[in-house]
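Below is one structure. I have some questions about it.
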Amino acid sequence: MGDNGSVWLPDPGTTLAGEVDSLFWFVFWVSTVIFAMVVLAKVYFMVKYKRTSESDVPEPVEESKALEAIWIVVPTILVLIVFTWGFDVFVKLYSAPPDSYEINVRAQQWSWEFSYNEGATSYTELYVPVGRPVKLNMTSADVLHSFFVPAFRVKHDVIPNRYTSVWFQAEEAGEYTIHCTEYCGTQHSGMNATVVAVSEEDFAAWIAEQSQDLPPAILGQQVFAQCQACHSVDGSAGIGPTMQGLYGTERPLTDGSIVLADDDYLLESIINPMAKIAEGYQPIMPAGFSALSQKQLDGLVAYIKTLE
Amino acid sequence: MANPHTNQPAHVKHYFVSSEQQFDAAKMGMWLFLVTEILLFSGMFVAYTIYRSWHPETWMALSTALDWKLGGLNTLVLLASSFTVAMGINQIQRGNQKGLLLNLVLTFVFAGIFLVVKYFEYSAKIEHGLLPGASFDPHGVSHGFDYATYNVPYGPQFFSIYFVMTGIHGFHVLVGMGLFAWITWKAKNGAFSADYYTPVENCGLYWHLVDIIWIFLFPLLYLI
Amino acid sequence: MSHSAPGLNYLNHAKGFKSWALTLDHKRIGIMYMVAVSLAFLAGGILAILVRLELLGPGETIMGPDTYNQSFTLHAVLMVFAFIIPAVPAVMGNFVLPIQLGAKDVAFPRLNLASLYIYLIGAVIVMFALVNGRIDGGWTFYAPYSTSIGNGILFVTAGVFVMGFSSILTGLNFIVTVHKMRAPGLTWNRLPLFIWSIYATSIVQVLATPVIGITVLLLFLEKAFSIGIFDPALGGDPVLFQHFFWFYSHPAVYIMILPAFGVISDLMGTFSRHQVSGYKFVALSSVAIAFLGFLVWGHHMFVSGQSAVSSVVLSLITYLIGIPTGVKVINWVQTMYRGSVQLKSPMLYAIMFLFTFSIGGFTGIMLGVLAIDVHLHDTYFVVAHFHYVMMGGNVIAALGGLHYWWPKMFGKMYNETLAKIAAFLVFFGFNLTFFPQFIMGAQGMPRRYYDYLPQYEFYHELSTYGSWVLAAGLFLIMFYMIASLINGKKAGLNPWGALTLEWTHTTTPPDHHNFHDTPVVTRGAYDFHLAKHLFEYGGEVTELDLGGDGTAAAPEEAPVPNEPVA
Amino acid sequence: MSQDHGHHIVPVKMLLAVIGILVFLTILTVALAQVELGIFEVPVALSIALTKAGFVVMIFMALKWDNKVNATILAVGVLCVLIFISFILIDTEFRGDLSNTTEATIMDEQRMEQTLDGREPDRSDISFNRQ
């Protein structure tokens, strides 16, 4: 019952997800049984009491107080059970254990940034150790977002100017999808990432590797993961212009002027995207990237230079 | 059966059975409308309550930025206008059309005074940069207040709520003046009598509600 | 029979544009509302078809993300504010309510006409905004996203504000009408359940709508003047916006569903020729649900960051509202027990309603469970639940009501065979469209997604195919309804054998003033056993029941139309 | 309930008395606002305002002699306002009771840190990127 994936629910990735599933199945089956009874009664009455003569006028039925009481009392008991159970699991879902490993999450249109206390930062992949509670401290740089991992049955809105958090403890190594579930603009449906759950040793190795100083172009390539929802690196069309072969070319702008795509232009376009709009594109790039560090910005420019 | 409306006074519409039914229906409709007004204002009172409970220090500090003398004066003006409305209804119920007219004119004048005072309050605040938004920049000294000290966290929220609450209220006063201009004109033409004064009654109810809203706004914004 | 000049009724007693545009007749206003609301439904429906078509496969199918996002937003805003909220109350409420009360008109006919025009103005403002500015993000306008997009939001909020006024005025009018204009003998216990439900709806309209007014006004000011109440960048609280929004929008769900309850009660009673089981319960629970609806809005916000205490309190109260609703469904089913059930097309919709609405209700219980909602919130499960309640509830009931009152409105009978085929198409198409959405939602497919993972493609395909079947059914209805106006059979006085005043005391179509003599009511709306004389001949009821013939009970109370009532 | 035809005439003397009371209460509330009342400040001011509103509703608006339906309508409206305020307070007063959200906003946390550092609070250093 709910221990594995089914038509209805994806494979649970945490123990707590299993608890949510048990509750889901309880409500599901009780509902199905009651629903089936109602439908059967309905169909039976429809057939049994079909009008046979136009002058047929049936007498009113004496209403049974006992039956009425049953209809009110039994559902009340059922929903109280479901409420209490749901309350119990809800509190567990939103109470992170004090020894949780904490990761900072920053959401912005339309990407996730995961930063680790050891100094590492990742964008499309959230690495977590298996078998250890992980707490995400999340905030948003612009509008509301919502962090959702279907396999973990956890979700919470990500709000500007306040930290919200979810926690989970992945049970098995594997990859699990992250969705944004609060509408946040054009690329809302592209605001996905992956939880990569790995063993403690692999996780430690990954953190150590990531926390080193990287060459600018490599760092830039990682940072660019945030940009890929809109900007391609292979020349294909997107919401925004492709980065392939961009550096050093002359760019026509919507105001009719032409600008050389040099370092300054690239930097300006990242920090203040509304300043110069490339011809043929909408002025919809979020301004949130101005919060990137100088090192990250330099890395981005270095990376874009390599895309010939 | 005879048509029920043939033996009714002229002001009774054909779909009503009696003058009583029509009066009661109109009044009940007005009370329902007043409830919608209360709920409209309630949103602002909720915003006030929540932000006050989050930032009481800001609220206590900034209520002194509002001049209780002007607010108090306006309270008395509105109370007086409420009184004249009630007096007007009293007069017309006794069939005194002149008495009604006098009271309606007085009400109109009081409403005007209220708005004039409001105008002076607003212009002083805007002059000292208290309008919330991008231009929020309290500055200048007047009557011993140094407005710069009001540049505190959540100060803009206080003034947002102040301007929105009093602004919507002021708009209602303005609408009320329009209504009173209309019924004063009708009263002057002798449209009302002890048998028919429904518009006066309903405009009066509206006006009292406007007064009640101010009765709450005054202490909440100016005093505490 | 009729006392008026032969052949004259509310449709043809006066002719010309002005006789419609300036009419104070509640029936004509109802018909004009019907046209306006149907156009909104058509526009919203076409958008829905386009949205579904885009989702047929992952990636771009027929439109880009911006067009898609604006399409579903336009669909939502039109359907919620311009269609569902006015659909049953403003169309059927306007047409039927005064006649069922035995009144010649509503209490404030001029206000009634004004509310129609205010509605039209609001709808035009919204349309203007949606075609001129970039509006996306759905009908909820959550801050701060809504204040971060273009100025179109200013017009949408203004339009919603204006349409809210229309809703308030309609509600206010109906409450006063029900209180003050009932015919002699029509006590609260004898009121048709349709009136009870419209009455309960009106209460919600009057109490809740002003709050959406102040909410959109504040949003407007937030956008225009940065007042910092909702925008977190200015120190405001975005969760507060959600409270404001749902304080209206949750009760608004009852504005949408309660009138459906009324229609279904009338249909169940009439086509079972039987007293509606638990009449008092069904009547009073409508009013109770109207009030409880104000206490549960926080269940839309379990993952928003509101305090857990309020989540818990609001989850618990949510069940309180679920139980009376469930008991109502049982009452409707029980009405058929030992009744005399006739499966005409309006009744098919009522039966269909019991099926779809029950699914909507049970999934609502599931969403009300705190822990399950964390998983299901903002997924397609919610989309499916919402459509099962709104479309499977309100629209199906509205279609039932339309088929039920159509002969009375226009004096013409539609093709019953086509009606049954259409009913089947609607039922099948509806379930095929929305049931797969429950499954993909539970699997984790978020709502308002332009693009999706390949694993959901199968369900999206089913859903899109279903939308075509559903659309075929709805267009078929439009076709035969319009055809009936041209060459439909003449409808009789009381083709369904119903006992409410619009069938027993008026001609078909009704006279300009509804009644020549104020009717005196001597029995309850579903006391068929007290009206056996109407059915003695064993055919369609073709006589008005003007006199009563001694089989009816004496009036319970003196005929005082304006009795003070609590 | 209503007297003769439901049109109760409120006597002039009573109207005069009520306006007197209202003016007195206004002066009272202003006077009390100048005194330090601590936690009683809000309840006192609100009670006075409620009393004043009560007089206006009952006498000026003549609800005392009016149809009970109208009184019910008003009561239901006020009840809704109370629900509106109190249910939102249940959220805002308990924000952050589980670990899913923090009680304070990020701006407030930073301001608190600055205050603890002994620096002047500065509103400009919290940068939000949205235009």
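Residue numbering begins at 1 within each chain, and the chains themselves are lettered A, B, C and D in the order written.
Heads up, the rule we're going with is that contacts are C-beta pairs under 8 Å (C-beta built on N, C-alpha and C of every residue); 3 or more make two chains touch, one makes a residue touch a chain.
For clarity, every value in this text was computed on a predicted model and none was experimentally measured.
Undergrad: Report the chain ID whose CA centroid sits closest to the centroid of the full protein CA set.
TA: Answer by centroid distance: C.
Undergrad: Using the touch rule stated at the top, which two chains are linked by the largest number of C-beta contacts?
TA: That would be the chain pair A-C.
Undergrad: How big is the gap, in whole Å, between where the Cα atoms of subunit C centre and where those of subunit D centre?
TA: 35
Undergrad: Please compute the C-alpha centroid of subunit A, do the same for subunit D, then give the distance between them in whole Å.
TA: Their C-alpha centroids are separated by 40 Å.
Undergrad: Provide the C-alpha centroid distance between subunit A and subunit C, rounded to the nearest whole angstrom.
TA: Those two chain centres are 34 Å apart.
Undergrad: What positions in subunit D touch 2 or more of the other chains?
TA: Expected reply: 67, 69, 76-77, 80, 84, 88, 92-93, 98, 100-101, 105, 107, 128, 130-131.
Undergrad: At least two partner chains per residue is the criterion; list those residues in subunit B.
TA: Residue numbers touching two or more other chains: 20, 24, 28, 32, 35, 38-39, 42-43, 46, 50, 153.
Undergrad: For subunit A, which residues are shared contacts with two or more other chains?
TA: Those would be 91, 94, 142-143, 156, 159-162, 164.
Undergrad: Throw together a list of every chain pair that touches.
TA: So, checking each combination of chains, I get A-C, A-D, B-C, B-D, C-D as the touching pairs.
Undergrad: Quick one: in the complex, what on subunit D touches subunit C?
TA: By the definition above, subunit D touches subunit C via 1-2, 67-69, 72, 76-77, 80, 83-84, 87-88, 90-98, 100-101, 105, 107, 128, 130-131.
Undergrad: Contact residues on subunit C for subunit D in the complex?
TA: Against subunit D, the touching part of subunit C is residues 144, 148, 179, 203, 207, 211, 232-233, 235, 237, 239-240, 243, 247, 294-295, 297-298, 305-310, 313-314, 564-566.
Undergrad: Under the stated contact criterion, what part of subunit A meets subunit C in this complex?
TA: 7-10, 19-20, 23-24, 27-28, 31, 34-35, 38-39, 41-42, 45-46, 49-61, 63, 68, 71-72, 75-76, 79-80, 82-83, 85-91, 93-94, 142-144, 146, 148, 150-151, 153-157, 159-162, 164, 177, 179-190, 239, 282, 284
Undergrad: Taking the touch rule as given, give the residues of subunit D at its contact with subunit B in the complex, in rising order.
TA: Contact set of subunit D toward subunit B: 5-7, 9-12, 15, 18-19, 22-23, 26, 29-30, 33, 41-42, 45-46, 48-49, 52-53, 56-57, 59-61, 66-67, 69-70, 73-74, 76-78, 80-81, 84-85, 88-89, 92-93, 107-108, 111, 121, 123.
Undergrad: Which residues of subunit C touch subunit B once you look at their complex with the stated criterion?
TA: Where subunit C meets subunit B, its residues are 103-105, 107-109, 111, 168, 172-173, 175-177, 179-181, 206-211, 213-215, 217-218, 221, 225-229, 234-237, 240, 244, 513, 517-518, 561-562.
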